[in-house]
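Here's the structure we're looking at; comments come further down.
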Amino acid sequence: MSEPRVLEFRPSAEQFAWTFGGAAPVARIAPGTILELWTEDCFAGRVRGKDDLVSVVCEFPFLNPQTGPFYVEGAEPGDTLAVHFISVEPARSWAASTTVPLFGALTSTHLTATLQDPLPEVVWIWELDRAAGLCRFSARDSEFTADLPLNPMHGTVGVAPANLEVRSALVPDAFGGNMDTPEMRAGVTCYLGVNVEGALLSIGDGHARQGEGETCGVAVECAMNTVLAVDLIKGVATPWPRLESDAHIMSTGSARPLEDAFRIAQADLVQWVSELAGLSAMDAYQFISQAVEAPLANVVDTNYTSVAKLAKSYLPGRTGVMRGSHDQLREIGRAYLGR
Amino acid sequence: MSEPRVLEFRPSAEQFAWTFGGAAPVARIAPGTILELWTEDCFAGRVRGKDDLVSVVCEFPFLNPQTGPFYVEGAEPGDTLAVHFISVEPARSWAASTTVPLFGALTSTHLTATLQDPLPEVVWIWELDRAAGLCRFSARDSEFTADLPLNPMHGTVGVAPANLEVRSALVPDAFGGNMDTPEMRAGVTCYLGVNVEGALLSIGDGHARQGEGETCGVAVECAMNTVLAVDLIKGVATPWPRLESDAHIMSTGSARPLEDAFRIAQADLVQWVSELAGLSAMDAYQFISQAVEAPLANVVDTNYTSVAKLAKSYLPGRTGVMRGSHDQLREIGRAYLGR
Amino acid sequence: MSEPRVLEFRPSAEQFAWTFGGAAPVARIAPGTILELWTEDCFAGRVRGKDDLVSVVCEFPFLNPQTGPFYVEGAEPGDTLAVHFISVEPARSWAASTTVPLFGALTSTHLTATLQDPLPEVVWIWELDRAAGLCRFSARDSEFTADLPLNPMHGTVGVAPANLEVRSALVPDAFGGNMDTPEMRAGVTCYLGVNVEGALLSIGDGHARQGEGETCGVAVECAMNTVLAVDLIKGVATPWPRLESDAHIMSTGSARPLEDAFRIAQADLVQWVSELAGLSAMDAYQFISQAVEAPLANVVDTNYTSVAKLAKSYLPGRTGVMRGSHDQLREIGRAYLGR
Amino acid sequence: MSEPRVLEFRPSAEQFAWTFGGAAPVARIAPGTILELWTEDCFAGRVRGKDDLVSVVCEFPFLNPQTGPFYVEGAEPGDTLAVHFISVEPARSWAASTTVPLFGALTSTHLTATLQDPLPEVVWIWELDRAAGLCRFSARDSEFTADLPLNPMHGTVGVAPANLEVRSALVPDAFGGNMDTPEMRAGVTCYLGVNVEGALLSIGDGHARQGEGETCGVAVECAMNTVLAVDLIKGVATPWPRLESDAHIMSTGSARPLEDAFRIAQADLVQWVSELAGLSAMDAYQFISQAVEAPLANVVDTNYTSVAKLAKSYLPGRTGVMRGSHDQLREIGRAYLGR
């Protein structure tokens, strides 16, 4: 194994992409490249204090700035991109969360339209203690504080969509995008089906941590220093984003209503396990039904996202997941971190 | 603390209840009573081998037989019943799972009606190794086997519904019922709002284990020997079932579509944490959004069930959950198990 | 044809039923009986002026009082009850509509739970001009008035449910119940599958008129003088309520989310037309897809209700719908009205 | 009033657009222009006989070819485009309908994923009798035929989306697009909010007729000769497509689940009527609840579409809808047809 190429990229304000598809690549990379990236937070860095209301300081649709897209040489429709998160580190000592009028799970929205008044718009600034691995919540209306574990992750990772489409960076769908799952953390490989030549990979929307479902619509939003290793798996199609960690394989689905997101993820995992373990579809259906975990990702975005998660230990001796891409990328990551 | 009364009850075939509400109590118990119960599996024990198809051997609506109901003395509408699971032990060395025509998440159903043919009807018999804490899946169409951890739980625990209703034992709703959450295991206390005098508690539908979402509609179904401690919390209303373990508090919601089940559980947890921690509703909304876990229970029943789960460690020093009922019942349980 | 028996029944306040199933019959009737009924409005007559807020004057669950149930002699599970509406006449010169906190399509609800404040609770009294066939809306906050056509109908018509259940009179489901479709008007026959001996028919919830969807959750609610002719079709099962008028056949479905209600109604109509016209399922699917009307009934109740409606003129020469029950009942109705 | 300019445009196969947004305009037009257009059917004309299966003869994503887009001079974000359908005439003596694997309301789909086999793929060729105003269904599996009234309409009419997006011509959303409502017929004006300079209007997907809901996913698909009159209403924003005929005003909503499409359309109509009649929001809510019709458009596309429809006769003397644009365009249309 030769030394992987390393590309550092820190976008200027003009270099952000605001969509999946439709933006010119910021760089071309070969499969095997390590990307040292900086990502801005979902507010494009404009929410910096308690008075910075999203409706005032942000400018729609300039939310969820994407670092990228990167053109991956050789990537063609029908291939799979493997995006391994070597490290995801908050780039600031604070992070911001907010409510946004008519956005979130516990409010009416532009789609779940009611005649009620919107909830108040509030900003919370979280303090991050990166050494201790904690982030601190401070209530706005009382003295309550609480320390929660840091769990840095990316809300968005995606490629250009199929069907000639260009989608907002706020959208999760079959191309990945704004899935907002806490599973997208360091040590994990995300597999994305390639829809256009070069794939056009981008990431953004770092979260210092996030609850499952992202109930209020906004996580603990933070700029990130993130290192990726990117691989290309030729000739393998991936209809919906899949994830792999050392311990689990995961399928995702993004749709509305939420049961359809669940169905997509579960059916994809049934199909995947059927192939890995040589099971009939009905046997895999039964096996998954008893073995799966189903942590919700988001119940707030354009599509809701559900994850179907299986412990690899339940499939002893079953190798060959995505041609071993995760294990190889994990090695590259370990070598990089051990420099 | 005086010695709790202990009532053993093993229903005969004629003594099962098939509904929540509408059935005469099998016994009256005082708050504080320990119940030593036996529950039959969801098939009423009729699926015993691979040829025992549900559509042949079972008789609708005689599914999910309930052990109970128990009339709890002093229970009135506006009170809360605390049902603590001291132990949940599989009563057989095997368990059964099946597909059922037009039932489950990855098939059309009588409600999600399509013109397609139903999936095949298949039975799987799981071997339970109670000493090792494992259950063994054996594929029907190949030689594949896998051992999964036992995680015994009850699919149903509920009281009589409000609004003069009687509901099938297959239904989860505000009265509890067929929630099918793996969180309903030994060591957990379930809080149920009382709707009628005596509450009319029953349990059933034991699962040797179950995946989150119960994808195929049927878990690893098993008769159980289960010990409960029952407490009554006067003057405290509980609109939707809540759970408490040593480590977590949990709210549940049951509805369709699945996002409504999610909303109910999350809104209830926001309300609950707001009271426990003296937080404003908006502060609790933000806090929960970042701290919550959201494991799915079922995405197959009459209503889908979602759980909102919060680590108690995130609320240091906040005591008084349900007047300390869980801690007291836990002690009773420990004393019982240590006899 | 002999003279049909006529039974007049005007319930006293103690004689109302509040559920489908679970209530003792008020009378036994033979198939062929004409019922002259009086029904109270959904508020049990308690909303009589602008200050009569539902949350103050009504007592849950005592809403949607049912006139009935009637035990139909000879009715057994697997049969179909044909309920023909001979006339539906408002019994008062006014009707009431309201908003109800956390109920309706354009507000969050107990199921679509949000943290927003409920909408205001408002009462509107509509004046009915029965001679002119009009009802008058008078705005509360301005001088605006408008006259809309009277279109008297019943929100509820149903029988006892299957599966040992008892359901609130606010629920629509396979047993009929609170379907809230404007199609349930004079001249229409409603076919209901029988689930228990005697069927246990009841009706209520008269509307002077109603928009499709019943958006705010409450129609122009009015006591009614209603005349029914009841027939029994032995040995014909009806899984979901069907309707027939002189011009149309209609299937209904009640479920959440709304697309499932749509699917049920459409699939039932495909099945029905397939039988009537001797079409294959795929041919009937195509034919219905191009020919159907799909007026919404309610998008506010426990289940939402969708109607699939086909002009009989599109099926020339296809007779034998429900053994001609509608035509026979229509004749009985004409004879009754022409006395 | 000067003579309107008339532009005839019949696209060659290379000139079709396959998206809303993202395609270069085929022409620039001034407000007030009459467009004489030809549109190809949704299959791009490739389904011409019973053996032309969509999965064989069509090439994804090249479906729903759009005639356009037209750049409307002076159109800017915040304006409204008024698109009046002067005439919609089938361009052939036949039309085609099909099933498409895993597409439609009565089948599982890529989003409502199940493990069942897809329905069979079938083509039906409908004969059009334009003189008699009829189209003839011929069953594939029997001798059954039926004549249904022609009701020519366009499934798609839309402008470029907001938020930098490009959407497939199969998508309905706030920009219009593939709404598939039978209300989009000759004599109707469609109001579309402008999101980008020039608006970029296109139409396509002509249907000889369609049932409400478009149950099987495909209407009676036909090439069309269609004449439009296009107007620009400066400074008036239209969040979701609205329609106006001589007799009705209509709001639309497109979303999943279907109740959200219903909510959007109803809330928009409440807002619209509130402005037209000077009603408070609560008064408009009550009025619409009793007066509205709610014909479904599609329950099959990426988003489902619901229509909220109000008779103008219920709002006597209320003028000024969209500055009288419909009436003016109707006059232009009458003059054009009377040439």
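Just so it is clear, A, B, C and D label the chains in written order, and each chain counts residues from 1 on its own.
Keep this in mind: contacts are C-beta pairs under 8 Å (C-beta built on N, C-alpha and C of every residue); 3 or more make two chains touch, one makes a residue touch a chain.
None of the values given here were measured: they were computed from a predicted structure.
Repeated interface, listed pairs B-C, C-D or A-C, reference B-D: A-C, with more than half of the contact pairs matching by residue number. Should one ask which of A-D and A-B has more C-beta pairs in contact, the pair is A-B.
The geometric centre of chain A is 48 Å away from that of chain C, both derived from CA atoms. The mean-CA centres of chain A and chain D are about 35 angstrom from one another, to the nearest whole unit. Rounded to whole angstrom, the centroid-to-centroid distance between chain A and chain B, based on C-alpha atoms, equals 33 Å.
Looking at chain B, one finds that residues 106, 112-115, 119, 256-257, 263, 266-267, 270, 282, 285 touch two or more other chains.
Only residues 106-108, 112-119, 257 of chain A touch chain C when the two sit together in their complex. Contact residues of chain C toward chain D in the complex are 97, 99, 105-106, 119-120, 122, 124, 126, 137, 139-142, 144, 146, 148, 209-220, 256-259, 262-263, 266-267, 270, 277-280, 282-283, 285-296, 299, 304, 306, 314-316.
Interface residues of chain D, counted against chain A in their complex, comprise 18-19, 21-22, 60-61, 110-115, 162-168, 170, 253, 255-257, 260, 263-264, 266-268, 270, 281-282, 285.
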